[in-house]
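We call the chains A, B and C, going by the order they appear; numbering starts again at 1 in every chain.
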């Protein structure tokens, strides 16, 4: 564990040095995600300029859910962005060879190699929105709710990460799986809004199958109501653990099927 | 003319074949887009339920459903990967391979994309449009499809596509200065989505902003054709909007050419 | 040290017919085919040996190397280094090996070279003390000093290769895999790299497995060669043995006064030779004869030719290893007696 941390630190340090070499890239990335978020908010704002509440939620409450949904997404983006590259080209081009000839876990290695500061865009917007909305969102704040809410964040993040690991691993069989990640990852749109607006089938789907509802709405709902911690928070914990287990299983099977590239 | 056809036909074919070769990618984008449509569908349904009188700034829920899907189809039809393709080729230097072929560089990109766009029209746009018409028929109990409007829509789509292609090309040229293509892509998509009306109908924007946006090139890329198809414009307005599209097509054409000529100079200075 | 036992690797390949129609067909009904990239490959390499691993393009060399380095999982068979198996404990296994793929780099592309070494130091848990010692040794052998502070992307191909070899040697591996380490390099740089490999092998008793298309690499470096073709092991033995088995070919070059028209047929019938024992190349008034000196002594051949043509100049040459390998690639190996 100590060694993993040490390696992680040094890999991240290398990454930051790289970022300093390409400042314009970092700037473009962060600004891009910032603008992307700002537009998302403008969207909600325009809707609420016409209606007082949406499915029983006030403007600030929707903003709070939206803001919170960006936190796990942003943390995952910050830490595991290289999984996209695995899906899109590292496996296809045979560049995965490198990770297999090193005496550390390839999944850890590939993830540690990238520290994606672009994610600052999401995190800054997410945190700002939560700070802005919190006083007006009728939150049920006490030691227990806040603790559980914060406690849930790493697990919410793991839901994103697990989906990416599993999808990226498909590349070991089919060479390029970037589009699968893109497709499933795109479903995080569902996490931004209350699940009560969806039909039952979709609600079931985003709760249990591709459980993005646990990366935004449910934990935020818990902080608003203080009710149902077993489902709203416990659900995120259990589901994320199951997903992580399954995705690592798929990944490890994939490693054995890896075919490299060239003759 | 015949010569041009002969010269660029291989690029069109290559475009179709690339799309087939990366068919799963293509399907991914389409399915991703449809999922997004459904999120929007439910969101707007909630909005309409909350608004009380069943209408929202002149749009009925039926209008909204048509708008969501039609805007997505239009987005697919006017989709251009030029920004990514050009950016990628600038980054790895292979753009110089385009320069040594005796064809017009931007035309070769365009030809390849037309192939892909035709495929998208056949396998995606036609079925979704049929779905939209069936939906409208079921809800309104009359056939809402209008051939003249459809043809005008097609004309508007062609103009929208040309603008989209040129705008994408310009974004692609940013790769001469910044290598973060992913970031550029996100930036480009979110700006275009918002300003072109594919995220939210421009009609819902504050009045002043709406008027400005309707005159910008982004509206010409998505909002205008969708409005034409939905019958929100009368014939005078249609002609006026088509004229604006044509003007933007010319301006963006000139702009991309200008940047390109400057870029080529830079390319030869760097020694390729 | 290294044992490869009946290694076999199969790949599934989707066959696409050419053209648009073919693409459409592949879309709905892909035709699959199993390709055997390596079949029943076995060999053993003792400690400290430099093994040349050769074969024509697409013979399956890389596939075997990738199985030996733990990158590919064999469909059948297994390999062991130091008694360890990559499928059982990959992490322990790869600590003992260093790998260089000539066409690919493991260096951090955008950063100064020295940064790569400091990362690898942590990954392979090299102590500060060892690291210093290692770096000075590698510096001496590979001469990294002049570019160790430059970003990797600015290095020349030769520098990059030296840097890559150093990267793979940092943790003092017992076995070094070099996949085409001299590809694309000029003569002087090739020579540097070869000397470095030799030195590493001599000073540290590092076992080296080397694939190459450059015959000089083999002649200068390798104690033994294993040759595979179409995924099968076709030759395994020392270089001298190879020369003994196949090296009876001699080459005579004649320059004549005028155009001479002696065909292989003339020699075959005149000297009672089979078609494998004689080859003729004719270019105006120069012609080359390659023949098997076991069947017909050089003197006899000379006499016969001199009696038939007016010769101005003669050159005699041993068939070199390149010639032998060319023959092997073309005809396949003779069974080892």
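General observations
The rule we apply is simple: a residue touches a chain if its C-beta (ideal position, glycine included) is under 8 Å from a C-beta of that chain, and two chains touch if they have at least 3 such contacts.
Please read these numbers as outputs of a predicted model, since none were measured by experiment.
With respect to chain B, maximal separation of chain centres occurs for C (centres as means of Cα atoms). In terms of Cα centroid distance from the overall Cα mean, chain A ranks first. Each chain gets one centre point, the mean of its Cα atoms, and the points for chain B and chain C are 52 Å apart. With centres taken as mean Cα positions, chain C sits 46 Å from chain A.
For the pair chain A and chain B, the distance between C-alpha centroids works out to 28 Å. Listed for chain A are residues 22, each touching two or more other chains.
Touching of two or more other chains is recorded for no residue of chain B.
Multi-chain contact residues of chain C (touching two or more other chains): none found. Taken together, the chain A residues at the contact with chain C in this complex read 3, 6-7, 10-11, 14, 17-18, 21-22, 94-95, 97-98, 100-105, 109, 255-260, 262-263.
Chain C meets chain A in the complex at residues 11, 37, 57-63, 66, 69-73, 90-92, 94-95, 97, 99, 101, 103-104, 106, 108, 110-111, 115, 118-119, 122-125, 151. Those residues of chain B lying in contact with chain A across their complex are 24-25, 27-29, 31-32, 35-36, 38-39, 42-43, 45-47, 49-51, 56-57, 177-180, 182-184, 186-187, 189-191, 193-194, 199-200, 204-206.
If you check the complex, the residues on chain A that touch chain B are 22, 24-26, 28-33, 35-36, 39, 42-43, 46-47, 49-55, 118, 174, 176, 178-180, 182-183, 186-187, 189-190, 193-194, 197-199, 202.
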